[in-house]
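Consider the two complexes below, in which chain A is the common component and chain B and chain C are the respective partners.
And then the complex of A and B:
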């Protein structure tokens, strides 16, 4: 920095002498020249200072982004192209896309994970999307008590996901008087031994969906309510004056106008469903059997249970590509401009 | 359609007000369903152990006591892990605030080459699954001997939460008029003083939003915490091992841990909820 500034000053000074002599001969006012040169020097110094400040302002961001995001991203990309196992510093071979081929075509765990992931994403999407859309439309009709109701619906968002797992594990628990079995008993439908939802391969995945939806609904509710608030009252009143029934008003006016927001909601729900790790890790460990093995959990267990870093990187790259694909498809193919703006 | 519409004929008015009541009831019931899991856990944590494992169980507990809370708060592990969570979360929040204030200023009020590209790359991070960063960071920390330390979690957390912070702060800085900066510069105010002394008070709402969003995300983070820290747990990881340890035989204690874990973030949420919602919707709609 010092060197740069000194150099800047030197070059400015040179300019002044050459230029100054020339000017003195013509106009004879050295005073103006000195002033102009000083102005020039100051401007150069200020420009330099601005550059330096910009760099300093961006420094923390660049540090964290480069060291903890860009570098890991690239190195796990490299890992995914090798046959690295536990120790990534021991000699290994670059196998290119062969690893991806083996994972996609031959790995039966990966196939199970893909299947679970699809079922999970679809049912999670329907549950979350319909719950939050219906709630948003209903809440938008209300005028009193809206705030406290909203707080209640937003509350699950802040509950840590592993805690959510614990809460639902308890509600659907087979031990103690878990609420689900309690109700079944009171209705005379109780079974013995008690139903253990998360211990049953048929229900476990849907149990996870319910728990995750409980947390996610608030997020999409925020998006939808923001969209509904943006629809002007005049438009809806005009529809009512024209004699539209509530249903017509909803499907012909409100939902089409809400479309960009619905799109954002869909993308967020789908991206979110791909990142399912906490719940299987806390509640079911990917089991029983492989019933709740999600892509994310598979990638994690390859790295930290089987110590297959290369394979894990392949699975996580495939997951990331799927996520980018989903958001790209929804953002580009349906409604390009409005979806971006929001 | 609204009940206050004076011009509407009585029949319509009557119909709409009845509909409002029906909608209100539906929403309240739904709210009850949403609130129920939390209330049920709270109720469980207050029950004596015998009440939970009775042969003929009841929905409303017969007696309340605080044994479970006394147990977990006096035991050695829980307070230590609570402290871990508090230290890691609050230092992450501070660093994120500082970095996003600086970076948000550069991205929102300055013009430079590659600005949009940089911002795009930063927001891309939001879409990429965190697990892609995990393995290299894990290896890096293994060699730097950062595992099981506070710093070992704080650094990656800052990186993961910075994009949200930048998104919020950039938006906030772009609302500040450039004239303000010009007049501050003419008065001889350096850029750093401009950001930290003049802008920071104006940007309080955005800072509050960034604070609570980062807090919530870090408080619940599980993937990194469970993989990198194998001894020095944070609360979510401790909770997982508690579940494994108790094998469904100590739901009262689990409930007490749940309540105490939620409490700090719940209080923050209730105080700053408007900032939280505004920040989140800004981020989600733009991201």
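And then the complex of A and C:
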């Protein structure tokens, strides 16, 4: 008797039963069809098992994504269209986009937060981008010590932002014991009372920019350095042979070839610049006055000081849309396909 | 592979079951007391729990650590008829207002009898616990203040002595005559690197620090219209003008955060510090200074007109199934002389229980009669419905005015204009 085993092999049973003689008498095409059908079923079962196992392994992650990402995203989107306050389960009214209109047009604190956020984002972008790019270019030119420098500049990344805030509160402390004032005193430039960066609305926001930039420069530096390392030496040598100066080589060869990495760095820096909450929460609480009130801090304040969940959701969504818009704009500017690599 | 998957799924299911499980406040023989970390540190709540268990052998008291501002986050469980605690030890009006307005707190009026009769509690502090009923049918006590703070001027005794402002105790401020007032601070300036006077002008403390001197001057800090703080009277202009002058002469240090203010005071190089009485004491002791490094004076007129006070209270959610036990804990432990004096002797937190202001107080006894008199006449900041927005508006303009970046009239005018449409209904009762 011939039968198809689990592995799909055709085997012949020993002995000749009545059924076995019957099978032998069947036509070849019917047997082939039966074998083909059985093969198909077995493949289907195997595919099902593979997909089931895949699904089961993905289940914890899916659970996490649905419960902690998708559901909050959708439900806060809904809340932003209502007048809900402290208790999101209480009866509330659907107000549609009216709430967004009130926030964007009439909320003076939202306007202040937008202004502060814009100044912060521009300052942070220029400081972080320029520092990380310049450092990456300089480090790339070194023959020795590259790895150790990478580690040194990356180290601030492992420090939590809240602790960075504490460090810079000390550095710029207005009590005179801070590092900044000690240096000024040492140089004979000390002031009385001491300079209080985070207590002066003219400087507080820039003080936050410096603190965050100190922490985050290492990350974009590593990205840019990876890009620079990927640029072929021959291309650069060819440019030098053609008489290009270092400046010409940098602007005409290196930076154009670095474009994909610059895009990643720019988008990363800009997204980070729009998400500023930790430092105001730890260092300045949005003050002095409203000097360091950022969009995310305003959203938090609406949720947990005002207990206005709907309004908080509106500010959060507006901020998210701004981040998406900025990312899209920079993606268009830095289109990777226009970058030329050797 | 199959067995491994089954084992994995079993663990996942078990983990989810335990993770989502929630301890519910227990039945009549257990008492769950919620307290934020700072309360557990600065009050005797932990030893009170032990003492209560000893006195009630069949009762188990468990202290659970909670976030200090988490009030409204409990509403979903209360709506389901459950609660994760029977008694909450902590809570200011700002935190609890949304819960009181929606009727989630158990009335505690029946507790204010006997050993806790109203006349046994400092009047100014007790008034912080009196609220309008959610249905508008009167007023009630949804919480009872057990810990008080009064805004009072702490002085650095060493600097006062160097400045010649010490005669068997601190020389009080001479009054509100501008020349005499400024001279008092000017004498301290040469010896006070951090300023003759430090105030915290963040969102919360700025309210107290702006209003208290006006209250001491005139007997009220409210605007004549009843809408917000006084930003129109000559007293308001005078006080803000004095602050500007102090900043101009570098006599004062108006810090943007409480941390910066505490830091300035802890250096021991500030002449005076206007803050909660307890903070003044606590900061100096934490810096290792001896007790006599500080003293207290009131603003001129505060002995009659009082100052600004705020309190922390005990409260019981209506959903609790152990209300009687919670009330017994409040009466026997929280409002015992030992509990109330412990919080003062160790952390400077004022008792609200009058009986605690006598023998047993181990620190600053010479200042206590003055502090008690000020506290008894004091008032709290009203809980306006739009208080948060109002506080943000004030925070926008007052620091700029204090530091001379805008004029007094411009600052007060803008505050008045931008707050014109806010709701100043006070959820507290008088």
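By our rule, the second predicted complex is superposed on the first by the 288 of 342 C-alpha atoms of A that agree within 3 Å, B and C clash if a C-alpha of one lies under 4 Å from a C-alpha of the other, contacts with A are read in each partner's own complex, and residues count from 1 in each chain.
Here is the rule we use: contacts are C-beta pairs under 8 Å (C-beta built on N, C-alpha and C of every residue); 3 or more make two chains touch, one makes a residue touch a chain.
Computed from a prediction, not measured in an experiment: that's the story for all the values here.
S.K.: By the touch definition at the top of the document, which applies to A:169: first (chain B), second (chain C), both, or neither?
M.R.: It touches chain B and chain C both.
S.K.: Considering only touches as defined above, state whether A:307 meets chain B (first), chain C (second), both or neither.
M.R.: second
S.K.: In the overlay, answer first, second, both or neither for which of chain B and chain C A:60 touches.
M.R.: both
S.K.: Please indicate which partner A:161 is in contact with in the superposed arrangement: first for chain B, second for chain C, both, or neither.
M.R.: first
S.K.: Regarding the shared-chain residue A:152, is it in contact with chain B (first), chain C (second), both, or neither?
M.R.: The first partner, chain B, only.
S.K.: So, A:319: does it touch chain B (first), chain C (second), both, or neither?
M.R.: The answer is first: A:319 touches chain B but not chain C.
S.K.: Mind working out whether A:281 is in touch with chain B, chain C, both or neither, as first, second, both or neither?
M.R.: first
S.K.: Hey, is it chain B or chain C that touches more of chain A?
M.R.: Partner touching more chain A residues in the overlay: B.
S.K.: Which residues would you name on chain A as touching chain B in one complex and chain C in the other?
M.R.: 53, 56, 59-60, 169, 173-177, 304
S.K.: Which chain A residues qualify as touching chain C in the complex?
M.R.: 53, 56, 59-60, 85-87, 89-90, 108-109, 112, 169, 173-177, 192-193, 196, 198-199, 201, 204, 283-290, 301, 304-307
S.K.: Per the contact definition, I'd like the list of chain A residues that touch chain B in the complex.
M.R.: Answer in residue numbers: 50, 53-54, 56-61, 64-65, 67-73, 75-76, 79, 88, 135, 138-139, 141-143, 145, 149, 151-163, 165-171, 173-177, 179, 182, 185-186, 214, 217, 219, 222-223, 226, 236-237, 240, 246, 261, 264, 268, 271, 274-275, 277-278, 281-282, 296, 299-300, 303-304, 309, 312-313, 316-317, 319-320, 323-324, 327, 342.
S.K.: Under the stated contact criterion, what part of chain C meets chain A in this complex?
M.R.: 1, 5, 8-9, 12, 69, 72, 75-76, 79, 98, 102, 193-195, 201-203, 250, 253, 255-257, 259-260, 263-264, 267, 388-389, 392, 395-397, 399-400, 405, 418
S.K.: Within their complex, state which residues of chain B touch chain A.
M.R.: Against chain A, the touching part of chain B is residues 1-3, 19-20, 23-24, 26-28, 30-31, 34-35, 37-38, 40-41, 44, 52-54, 57-59, 95, 98-100, 102-103, 105-106, 110, 112, 118, 121-122, 125, 127-140, 155-156, 158-160, 162, 166, 191-192, 195, 216, 219-220, 222-223, 226-227, 235-237, 239-240, 243, 247-249, 251, 254-255, 258, 261-262, 265-266, 269-270, 273, 276-277, 280-281, 284-286.
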